[in-house]
Structure formats: C-alpha cells, structure tokens
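Below are structures written as structure tokens.
Here come two complexes built around chain A, the first alongside chain B, the second alongside chain C.
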Partner chain A sequence: MRGGRTYDTVVVGAGVSGLTAATRLAEAGASVCVLAKGVGSTHLAAGTIDVLGYTPDRVDEPGAALSAFVAERPEHPYALLGTAAVAPALRWLTEHVAAGPQPGYCYVGGGLDRNALLPTALGAARPSALVPETMAAGELRRPDPVCVASARVLRDFHPTLCAANVSRAGVEARAVELEMAWERPDANALGLAARLDDPGFRADLAAQLAPRLRPGERLGLPAVIGLRDPHGAWTELERRLERPVFEIPTLPPSVPGIRVFDALRAALTAAGGRLVMGAEVVGAEREGGRVTALRAAGAGREVRYTARWVVLATGGFASGGLVLGQDWVVRETVLGLPLRGVPAAGKPRFSADYFGEQPMARAGVAVDASLRSPELENALVAGAALAGAEPWREGSGEGIALTSGLRAAELVLESEGVSVAA
Partner chain B sequence: MTDVLHELLRGSLDHCVKCTICETACPVSNVTPLFPGPKYVGPQAERYRVEGEPPDEWSVDYCSGCGICTTVCPQGVKIAELNAHARQAVKQARGFPLRDRLIARPTVLGRLGTPVAPLANATLRSRPLRALGERLLGVHRSAPLPRFAGRTFRSWARRHTSPPAKRRVVYFHGCGTQYYEPDVGRQVVAVLERNGFEVVIPKQDCCGLPLQSNGLFDDARRYVRRLAGALAPHARDGTLVVGNATSCTLMLKREAREILGLEDDPDLALVSERTYDICELLLELHHRGELDTDFRPVEEVVAYHAPCQQQGHWMGKPAIELLELVPGLQVRELTARCCGIAGTYGLKRDRYEIAMATGAGLFDQVRASGAGVVACDSETCRWQIEHGTEAPSVHPIELLHRAYGL
Partner chain C sequence: MAALSTDVLVIGGGATGAGVAWDAALRGFDVTLVDRADLGEGTSGRFHGLLHSGGRYVVKDPRAAEECIAENRILRRIAADCIEDTGGLFVTTPFDDPEYADRFVEGCRATGVDCEEVDVGQALREEPRLHPGISRAFHVPDGAIDAWKTLWALARGVRARGGRVLPYNAVVGIHRDGDQVTGARLRDTRTGEQTDVRARVTVNATGAWAGRVAEMAGVENVRVLPGRGIMIAMNHRLVNTVVNRCQMPTDGDILVPIRTVSVMGTTDVHVTDPDDQAVVQEEVDAMLAGGEKLVPGFREARALRVWAGVRPLFQDTADDAGSSRDVTRAHTLLDHAGRDGIGGFVTITGGKLTTFRLMAEETVDAVCRHLGERRSCATKGEPLPGSERGEHYHVVERLARRERELLDEQLVCECELIPRAKLEEALRRSGTTHLDDLRRVLRLGMGPCQGGFCIYRATGIMHALDGLDAARATGALLEFLEERWKGVWPILYGDQLRQARLDDWIFQGVLDVRHAGQ
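Up next is the complex of A and B:
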C-alpha cells in the first residue's frame, strides 16, 4: 500500500510568509497543507510589521523611499515583487489580525506613508510601518515624557537601560521597577502575559503602578499585556491609569509575535488549511522540471506529500532554510535550489563588523519575478529564503515575508485559473 | 544509554539556540513554578549531567512527558527525550513508589478489575475508599479513573471473524480498549471492514508506555518488545498495524527507539515503520480516493482536541479532515494546550492540581465551543476532559461509525 497525502499546494514553513501564503490559498478554496519542522520566527520577532527602515539612513516614509531603494537593487525581493504589491499585503495582514481570535486587537500606524518610531527593549528607535495598537503610544517623535516600568522578576527586561536610551533619543524618560510577588525566581514574558489576561491581576498591577507615575507621563511596559485578550488588557490599563500605555518588545519569547502566529493559524484552519507541526521535509521527488512530492519526517517513517504546487517558505540561515556546510558550500535544504548572492570562492564571506555589511547576508534562492527558480516550474519561494535582502539591516523582514507570501499564493491561483482581485 | 541513542539525544543538544519556543508550548511550566520549563531542565541542565553520577535535582520529575517541546522545536532538539532520561535517573535514585509500579501496569489492573467490575467500579467511586487510596497509595481522590467494562475487547474479538478481503490490517487495540472501552474497538473494526479491510487481531499486551513515563525503563522494554513480537509476524508481508490509542502507537512508532533505545530490535523496527493511527490511515485512504465517504448526516457540533502525543506523530490532525467529511457535523478545533493528565501524571496526589491547572485552558475552550461532544484520540485525555468539563468525550472513530450508520 503506497502511503501519503495529496494537496493542491504544500507550503514548507510556518513563519509569516508560509502562513500568509497558505491562508490566502485556503481562503480561495484551494486544498493546502503547511509542513513545519517546528514553530517559526513569529515567536522570536517583535510583532511589528517593518517594511523599510534603513537605506542605510533611517527611513520615515517607506512608500516614498521604496522606489529609489529598488532602483538601486534590481535583485532585491521588493524589486521582483514590485513596490505596488506592498500596500495590499499590509492591508491583508491588518484585516486578518482584526478578524482574529484576540477580540478588538488590531494593527495601526502610517503604513507606507510613515514609519512609526518605537523603542526596542534596549530603548533604541525602531522604524515600523504597522504596529500593534498596544505599542503605538511609544512613538518617539511625540514629546510627552515616558516612564518605562517593569517588574524585577522579568529578568530579561531592564527599564533603566531602556529609559536611558530613550532619553538619548530625545524623549524625557525614567524607569520604575516594581517588586512583584512571583512564585518562582524569574518570570518570562509569556507567563506574565497569561496573568494579564486575568482582570484581577490587571487591577492589582494598575494599583501598584498608579502611585509611581507622574502627571503627563505615558507608560511603557514590556510587551506582556495579554495573550488571549490584549485589547481588553491594554484598554483597561489605560483607563485605570488615565494615560497612554504602550508595549515595548521583549527578548524572546515574544508575546506580540505569538499573537500574530495565533491570528494567522486561526485564519488558516478556519479556511480549511492544514498545519503539520514537526514534519521536517527530508526529501523531494522530481519529474523533469517539476517537483512532484515532498517527503517529510513522521514518527516511525517518512510521509509522502504529493502536490501540484510547492511554496518554499523555509527562511534563511537562522531558520535552517539555508545551511552553510563545513565544506563552505551554501545549500537550500529542501529542494537544493540554485542560490544567488553567495560570495565566490576566495572572496570574503563575513566581515568582522557584526552590524556592518556582511558579504554572506544577501545569499538566498535565485528566483525571477514569478518567484520561481529556473529549475522548477511549480515551486515558488517566499520570505527570508529569497536572495537579495538583508532584512535585519534594512528593517524589511515582515514586509518581504507578507508581500512575497501573498504573491506566491496569487501566482499559484492565477496559474490554476482562479481570478485574483487586486 | 546506547551509543545510537546517545548520539541522537546528546547530539541534538548543540542545536539548541535558547530561542524559548519550547517554553511557550510547555503546558506544565506555564501553570506551576515547580517545573522551570523544558529548556532549563532539558538542553541547559543536560550539559551538566554526567552519565552514571547520581542526579542532584528534582524539578525534572515535574515534566509530564507530553513531548510537545520536541514537536515545536524548530531546531530538532530532542528535548522531551532528554528529559525522559533525566527523569528516569532521578526516579531511579529515589526509588519507585508502589503507586507508580501499580498504575503503570494497566494489564495487571485490568485483569484484576474486569472479573469483579461492579465491585471494582463501586470501589473506585466510593469517596471514603478513594480518600483511603489517596493516603495509602498516593492516587488523588478526585483523579479521573475509568470504569471497567466488565468484558474485555478480546472476549468479543475471539468470537468475531473478519470477512476475508483483498487487503488486511493488524489491529493493535491497546489496554484502554481492552479493559475500559471495548466498544471503541468494535467500532474501529467495523469502520475498517466497511472500507474493505480484513482485520486481524492477534493476542497482545500493553506497549509499556505507562512504565516508561514512570521511569521503569527495563520493564517498559520487556513489554514493548513482547508487543512488537506479537504484532511483527502479522506485519511481515507489508500488512499495516493500526491502532486507535495515539499515545500507544507513538510508543511503537518512535518512543521505544528514541526513549527506550531499542533501535536494534528487528521486530520493533518492522512494526515501528508499519504502525498507523486509525485516523491517519483513513485519511491516506481518502487522499487516494479509496475511503468510503457515504456518510449519513450527523447533526452535531463537535470540538476536537489533539492530544500532545497525537501531535508527536508529526501527522497534523487527520481526525479533523475526516470529521469534516461528515455532512451536518460542525467541527471546532480546540487550540488550547494539553488536558493535563499525561497518562498517569494527573492521577498522582502531588500532581493532580497541576494537571487540572494545565487543563483549565482546554476546559474553558470546551465550554465556550458550544459543542455537544468532544472528540479526542487518547483515552486518558478523554477521561480527563470529561472530568474537567462533564462534556461527553469520544474517540473520533465513534462519530465516523455513527455516520456510516453501522
């Protein structure tokens, strides 16, 4: 008996680009299955939607900056996708989070017109096109003073450090550290967020904070304001404390990132899409210029997934989508697709300046505007596996993931004869 | 630990990048300070453990062994498997309480309880006797214990002859079906026969999973080897082994090798590769166009919970795809973590409260779902869900059986 399953499309990877592509396909009525080795980058990312933050100067108006940016970089994913594709992708995410499982929770911000400038956990300014509503009041262009507060038990967040750097950015800021009773030596962001879903805990927290705050100050808290009900938790804190309250992204685990994952997963499964967690793709079958099936790890044996289309959303080096071997050869791990941007033999691969331009950084799968590798006609690539971008220096990761994920899905639908409304 | 296992587990350790994704998924560490989480007691603490030296730690014993950390890890670290070994070493050093030796042997309990089922069931539901059992044995007085059916599945299977058919499967029914839920076994057989399978039901015993999760590895190895030996002769010519208990089939597929280190047992190697969960098998049939989908409408709202060890099969949630084929049946996927029970974990006096706190999120989702029935693949999880919510909980196969009108 020949085992396995068959779907119209198999998406590899459950980060933002994979979940976006799969959800778009499922909502158009296609049968789609996401194979994921594990949970993806969402749980580690800040939860902001960064489209273009640096070129390398800081960008205030990402929409306006994009055309010059891609003109100089014809092999950048944004150049392949077309800058006009970004705005619909942002709209798509906004709608899906708003319709998601966290009631009332939504993304806000200037989108392509204007980047928000929000503090990171270190208090550095980070430009983002869209931000969770719970972060928006952290805007560093606003003049009103900031109080950064946290509980000492959250050991990975240092309000004093954050506030000092916010001050250096030109906004008056100070820090408050709360002593919070906690039943273990340290708390993580997720544990605190789960507590903030509880109205009783929120009331206690507000009561503890209120006497420590000064008139006219807005309050920055680590991003732990609720997991299931962030909107309810956040609005209640604002009401009780009678001032703007905003979340500041934390070190992993990232609560706002988990909210994105929860929203996209809910949309995917509601539309009939499937998600197989733990199923690392370990092999592929090809026939001529087509991939006909993927083989994924299942308990006890490999499982064969047959599909007409494959969307590769496996990420870059950090996610294992690309691997630099001990032989110094870079490989794309699922289909072995040809790459672009890998420094030639004998040329420098890395530079000693960690945050400088890294020769290896733009390595990725070489695709054309149809997101296809010349080798395979039915495999499309989305997200950080694409060549040509340096998301952490450009501040472009989510923009590329969303736009390419959506585009990959729409290219599949067009090829299948499904009309795609703009 | 064998060399192969050592390589698999310790070799995966250096892939840990401390991303904390396992911590976000751990059902236990998120409700109790007693368990610091899979990353701490797993990849982090493992670096300080020396094989053969007595362990100086207790927190790893609060791991319930659900295994979800390994499933969500994006780097392929064998977190749950490492922790199972660490837990075993701790328990070994401390000595195994009588309770753990007893509740880890469903066959012994089943054989004792079945002939005197009415008395046994009355005993297990008597509050004074349960209070006594809690004091003497350490089984929590409120923990959900199943009812003995009073007749075993095998007593039915012995009299049942599956009609000869072109394709055959071997049915691994497990202890839950054998002693507590023989009807589920009959439904599995009927659904398989409806789909053109001749069902072979060899004599079989426990897979050893409860022993393994209680740290009694040597006993667990004996059980699982014996089970593999009983199933293997029937599985040699390509015949598949099908089970309905996803925790027990996971033992055959993966845990016997990746936790108990039985990678050299040829019977187990054969059985491991051929074992299917019943929903997994039916879904593959469906994808080949070979599933009988002539279902009658079932006007019902069902909430589906995928047990942690079901997710450890790395096969997604085939029950949902199957149940969605039934006209009228509205399927609501529950996304909360674990129900808490983890086999025998939630039965223990000092673990019961943790298990109930773990399951609280799931219980809330069940109540909010508006479902009249909960579907779940694992029997101990079903009993825990019924205990936590009073919602009737069934194996997905029961709904398919109804939809076939069998």
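Up next is the complex of A and C:
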C-alpha cells in the first residue's frame, strides 16, 4: 500500500450527487477528492433533471406536489432534506452547467413550477423539471407537429416507433429515415455525437434533412447533437433548418448525461478538487464512531486516503452501492452501514408483477436529517444510496441527487465552521 | 367457422407431438399439429437441454436407460444440427456414496450405455472448475440438445410434406361420434377464430396435460402426475461437458452446458396442476447449493433465469405418496380403442425429450393400426431439415459468423450475437408480434442483460417492419418485460440484480415504458 493522501473530504462515487457534493466543497475552499470505480448515473440517465414526475399519477407542478408527497412519506429523502432545499439545488446545477466547458449550453424549463413533458425514445411523454436547452422544443403540450428523424446505423433509436407513440400522446408526428455514411453497420450515441461536433457533418445532415421536412414541423433527433459544443451544433441546425430542433434521450451511453458529467468535473477541478477514476474503495478504517481512512484499489496497488469527512455517494443496487449477496443479505458495499427498507429474511424480496410495488425497491442506507448513519459521525450519505425513494418510478432521481449532494457538502462545511449562506 | 379435414390430428406442440407429426408426415399421412401456445412452450422448452446417454437411469430404471442410449445414437444422426456434442461426465463427489460408482459401471454394462472410467486428474484437467475432491469420474455420451431448434426443424419438415402446424390454437372441444373420436374444435388464441378439424385419428400428445385432454374426449381415467422441476441458467459455461453426480438421481445433481449458459437441474415436486409452474425459494436455494457441490464457487456466477417445467409421469394406479421421481421415466402409449373402447384416439405421455422419436414411432404405429394401414416408420434414417450434413453445432458458431459479418451486419443483441437481418427474417417468416416467440427462435434477450438493450431495438424494428400499430408494439414490449421478470425475480442477487436494476433504469426511467401512449 502506498503511503497515503490526506483530504478534508473524500467523496465516494462520481454520479450527480457525488460530483455535486465535491464541487460544492471544493468551491468553498475545502480539499476534496472523489474516488470512483467508474462513471456513474450521468452516463445512464436521460440527462434531464427530474424532481417529481409521478405520485403515481403524472405530476405537472412538482413544487406544489412535493409537500403532499413528503407528508405521506416521512422516510423519503425529500422529507429528510426538506422541500425548500430543492429549488436552490436546481439553481446550483443550472448555474454550473451554464458556466461549464460547453459554451452557451444550459438547462431551461419550469423548474418546480411546471414539469416539461418530453418524448422518450419510445415516444412516451416523460415529466422533467429542468431539461437541456437542446431538448426543450420537444415539449408535448405544444401543438405543432413533430418529425422524428434518425439513421439506421443508430440501432439504439427507432424513429418510427417514437413518432407513433408521440401521435398516440396527441401530437401529430411522423418519422424520417436518414442515410448516414458510416464505416461500420452500427454506431452508438457517443460515436454519433462525436461526429456531430464536426461542422461539415452537420452541414451534410442539414442538407439531407431540409427537403424532407414540412412547413411548421419541429424536428426531433436522438440526443447526439454534439459533446464539445452542443449549443453551437444545435443552434446551427435550427438556423439551417429554420425550425425548432430538439434532442430525444435514448439508450445508454447518454450524451446529455455526459455533458453534465463534463460540466461538473470541470467545475470540480477548476475549484481545486480531484477526481480519481478506476479507484474502487476496497476497505475502510474506523476509530470508534469515525471513519479515518479509505483504501482504494488503483493500478495494481492500494492507495490509502485519509479524510476528516467521507461522503458516500455510491448509488443503489444499479450502481453497486448496495449489493444483495448470495446469502440473500443486503449490504452497503463501502462502509457496511446499517440499512432501511430491506424486506425481512423469509419475506419476498421482489414481487412477481414487474410493474407492481417491489419490496426491495426502497432499500438504502438509514440516515437522520443530517444525512448521517447512526454508526458514524463523520460519514454522510447522498443520492441513490439513501433509503426511501424509487427514483425511476417517481421520476425523482436527479432532484434527490442534487439536493442531497449539496446538503451533504453544506453539513460538512457547517461542522467545519464555514458559512454556507447561499 | 373454418373447417379442415386431416388424417391425423396431433394435439400438443412439444417434442413428442411434433415428432408424431413428423413421423406421420414421413409415412405419407396428411397431418395437422396444434398447440394452445407456441411450439415448445410446455415441458419441451422448459428442461435443461440434456441429451441423455441413459447414464442417469442405469441403476434405477434400466429400461429407460436402454431407450435413451438407443435414441441418443439415432438423434446424433438425424438431428445432428440440434445437438452439441459436449460429452458427459459422472463424478463421485465427496457428498456421494462411493459405493454407487461400481453399481453405475455395472448398470452401464447391462444396459449398453457407453461408459469409460477416466483418471480423476484427467477429468479435472478437462473440467478445471469441478470439485477437486472428486474420487472417480466416468465419460458417457451425454450431449446438449437445443429443444427449440429441434422443434422448428420438425415443424419445417412437417410443413414441407404438406402438413399443417397451427400454434396458438387451443383445443376447446373433442368431437365424438358414438364411440369414435372424429376430430376437435380449435380456437385461435390470438384472433378468437374457431376451426373444426375432422380427423381420422386424433393423437393426444400433451404430456402433463394428457389427462385433461383425454377427459375432453370423454376418457376419464388417464392419470398423469405432473412432476415439477426447476432449472437455473447461469451466465457462463461453467463446464463444457455435461456433469452429473454419480449417485441415485436426486435434486440439483446435473449441470448442462448449452449455448452460452449452463443449466443447473433440477428438482422434482409432485403438483396437482400442470400449469402450476411456480418457483419456490427453497428449491432455488437447493439448486444453488447443488451447484456448489459440483462446481465450487458456482454462486459467484450470475444466475440469469429460473424456470419450472412439468414432467409427465404416467400412473396406472393411484399412488399419491412421496416423490414422483420413483415413477418410471419410460413413456406410455394408451390406445383407447382397446383400453376404453373409444376408437380414433391415442394418448402418448411420459418419456423424455431424448426418446421423443421412439415415442412418435410407437404412436404412429398405433395410428396405422387404427386406420388398418401398413406403413413403416422412416424417422430413423431421415435427417431433420437442417441436419442433412450430419454435423453437430458448436457453441462458438455465432461468434465465427459474426467475425465474417463484422463490417456488414448490425447486431441487435450483443449477448447472443443476433444480427439485424436475422431478426428481420424471423419476423417476416413467422409474422409474429410476440417478442417472446423471437426469444425462443433466436435466443433474443436470453443473455446476461436479459433484453436490457435488445428489446427496445427489436420492438422498434418489429414496428417499422410490420407496420404494427404503436399500441400493439408497445404492448408487446410491456408483455415481454412482464414475462421476462417472472423468470428473473426469484434468483436476483449480486451482479445480476445490478443488471436488472440497470434494465429498470432504461425501461422505467429513460424510456418510461409504462406511460407510452398516454
């Protein structure tokens, strides 16, 4: 094991909650290191900021719905965090993306006042509080007809099916199949996005599209409109095609999600924070009620990180933060913290009905309002590792991640005597 | 109502029924094969994939062993393309009675099952993941047989000889004219349309459901005991040889490598309802524990899917006590003319997939007797469509083909290496709108990601190709997700749970499948 490194705070996990907590801490002057086994939620999710989409009926005004929602669910992360903390978290994200490395690229939308209703790759109308500017024109409450276009080479997006379900949702829609010269028979979203960073490729695409679009139609494309300069690429397409253009999120890897990752990583490193990828935490040292060091597997050796604070942002089962072992016992993988919401031994773990309530779905780390496990005074938990939420069914993932990530950082800062007045 | 007339109506689209139809078609009869669901949705598509050498029965049920080895040799010839020649091992683990091995050897000799003892070190070199404490090991000619491929080949052969294959056609009534069965009424489960079939002979080849179908013909005393067994597919070829524990057959004592997975089997629980295919937690635990005894670290692999199948075990006399494992595995042919005074009606039940050809031969012999015709069986010498070259398939075949097509063909399913053209061809050929049908034909969605990536793609392709309306295409997607979940939730743990949650993220989060069309 190598000698070691010391930080004020070590954050475990590089999803939205971990990067948010780390960036907030670094910007307040703390020394911060993020340890991550790999990329996190950003690369999988749609790239929208979902606060509350379903309760289970569709939510139009998330701010108004939140108070009733938490009143019925006192153990939900939003109840612990307080609904007043959500709006500042959305503002924080909006500012950080706007100031990010993709010039002009920003998030827009009604925030807590009104969910946007954007089409998914299946053509379902999905509610989100904030959306990338490049998606906003997909709003399905607007009456103007939609043309969805893609190329066969992108096997992860099917414009005909998308358009047909958009039509079922009440907006006139049709699909157009594009020709796209490609050296291989299949491309993923990331490959196409890299190509769309090239102005020449965009010009060809626009030239091919222009004659096939009808007056008054807005154009939906898979979410691949550039990684380096999506704002430039998107405005150029709108200008050339003389109509609103919007992105539709599809299967991972998520291009809009990667833009968020890039923006937060840039903010973190600009503020002096460090991000170590490929660093799986394999051990933790404790002294009494404190965690004193984490050991991470690196390139062929372990590195020991000591810190006064640890922020656990490792996600739930999908991200490896929680594991259900072959002995049918659920464990939190980094610190072995006590859990809540786990069905008792011998009780059903899951239900036979896929779309029904799943007993295991709300399992997570048990924390108090200071996001601390009763076991450890200097470890805070943020994001999908928290017990009590079902992010996909509720449409709440990013809202919880941002709000809890910021709160974790601010609780650390308060304990260190740093003023956190927003 | 539609009507058709046929020589032989075969009820039950499993290996037995399809085998009967193939045999009868080869003898020149006009045949009609029907099933209430797709071919192979009953027991045939729900077993571990073992082509028996007979080794499992040499001590307990020598007659079954003799049939198995004879049919094993024939199937290797006529259904070569449906078989992977994995070979088999019987190993004495530290958990087995060491005395059994000598009885096993003697049983193999007596029944003619080829068996060769191999040095334990050699066996461990061949299968390095086997329990290092094994004390004896024997090679036998077990293999892996792809039941679905076998069924499609049989169905193709039947159609090529002018026969009809009608899946999704449930028998809603069996016609009697006095003491003669004269056919049946079918109901298309997809369209509701009914068809009257007039048949000279009706064959009940419905396995565990045979008692119910016989009752529809007014024959009350066909007692078939459904013996439910569960199987678990692991995401690796943990072994490349079929591995059996050398002991009296019991729960969780066999691991069959088939296609890209290995299948652990099985349990045996006497149930009253053949449609009771529930998976019970204790049985899952027993299976996983059984796996550990053969291959230490078994549970570290990802358990992909669990399912139950029901063995048809015929009982001549009522005897409900104890396990159904003690009932003979050999098959039973009931000629209802002699037995019950009902003409034109034959029931074939019991048996196992390995002996389907023999069961079909005996059944069609009985059909000939009913019709007063002498036509001899030709299935021993006639290869199934696709098996003419006599070569077995290899597990790496798809990979080899992929290498050649790398720059020409889009992959729809990375786990099972399914090219888009193959999917489109299957869609055109079958005209199906059930993604689960494609799973059985192509293995779509059967790999480690369990459809996480390919099922949206397949839905999009199906929708664009068929001009299927969006509501039905989306409905097919939802139906697939619900159906898949049934085989997944009881065994979710470790990385496979992580995978399942990623799939939920995609379907419920990114695609929001539940709210499509609203």
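One rule holds for everything that comes next: the second predicted complex is superposed on the first by the 420 of 422 C-alpha atoms of A that agree within 3 Å, B and C clash if a C-alpha of one lies under 4 Å from a C-alpha of the other, contacts with A are read in each partner's own complex, and residues count from 1 in each chain.
As a convention for this text, a contact is a pair of C-beta atoms (placed from the backbone, for glycine too) under 8 Å apart; a residue touches a chain by one contact, two chains touch by 3 or more.
Source: prediction; values computed, not measured.
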| item | value |
| --- | --- |
| Three-chain arrangement built on chain A, chain B and chain C clash or fit | fit |
| Partner chain(s) touched by A:G320 [first = chain B, second = chain C, both, neither] | both |
| Which of chain B and chain C A:A299 touches, first, second, both or neither | first |
| Which superposed partner A:C33 touches (first chain B, second chain C, both, neither) | first |
| Partner chain(s) touched by A:L196 [first = chain B, second = chain C, both, neither] | neither |
| Touched partner set for A:L413, first chain B, second chain C, both or neither | neither |
| Which of chain B and chain C A:L161 touches, first, second, both or neither | second |
| Touched partner set for A:R349, first chain B, second chain C, both or neither | second |
| First, second, both or neither for A:G397, with chain B first and chain C second | second |
| Least Cα gap, in Å, left between chain B and chain C after the two complexes are fitted on chain A | 5 |
| Common interface residues of chain A - those touching chain B in one complex and chain C in the other | 44, 183-184, 252, 319-320 |
| Contact footprint of chain A on chain B as seen in their complex | 19-21, 23-25, 30, 33, 36-37, 70-76, 167, 238, 240, 250, 252-254, 272-273, 275, 283-284, 287-288, 311-317, 321, 324, 333, 335 |
| Partner chain B, residues of chain A touching it in the complex | 1-6, 33, 36-40, 43-44, 182-184, 188, 190-191, 194, 252-253, 258, 262, 265-266, 269, 272, 274-280, 296-301, 303, 319-320 |
| Residues on chain C engaged by chain A in the complex (per definition of touch) | 288, 299-300, 406-412, 420, 453, 456-457, 459-461, 463-464, 469-471, 473-474, 477-478, 481-482, 484-486, 489-490, 492-494, 497-498, 501-502, 504-506, 508-518 |
| Contact footprint of chain C on chain A as seen in their complex | 44-46, 54, 58, 120-126, 152-153, 155-158, 160-162, 164-165, 167-169, 183-186, 249-252, 254, 316-320, 323-326, 328, 349-355, 391-393, 397 |
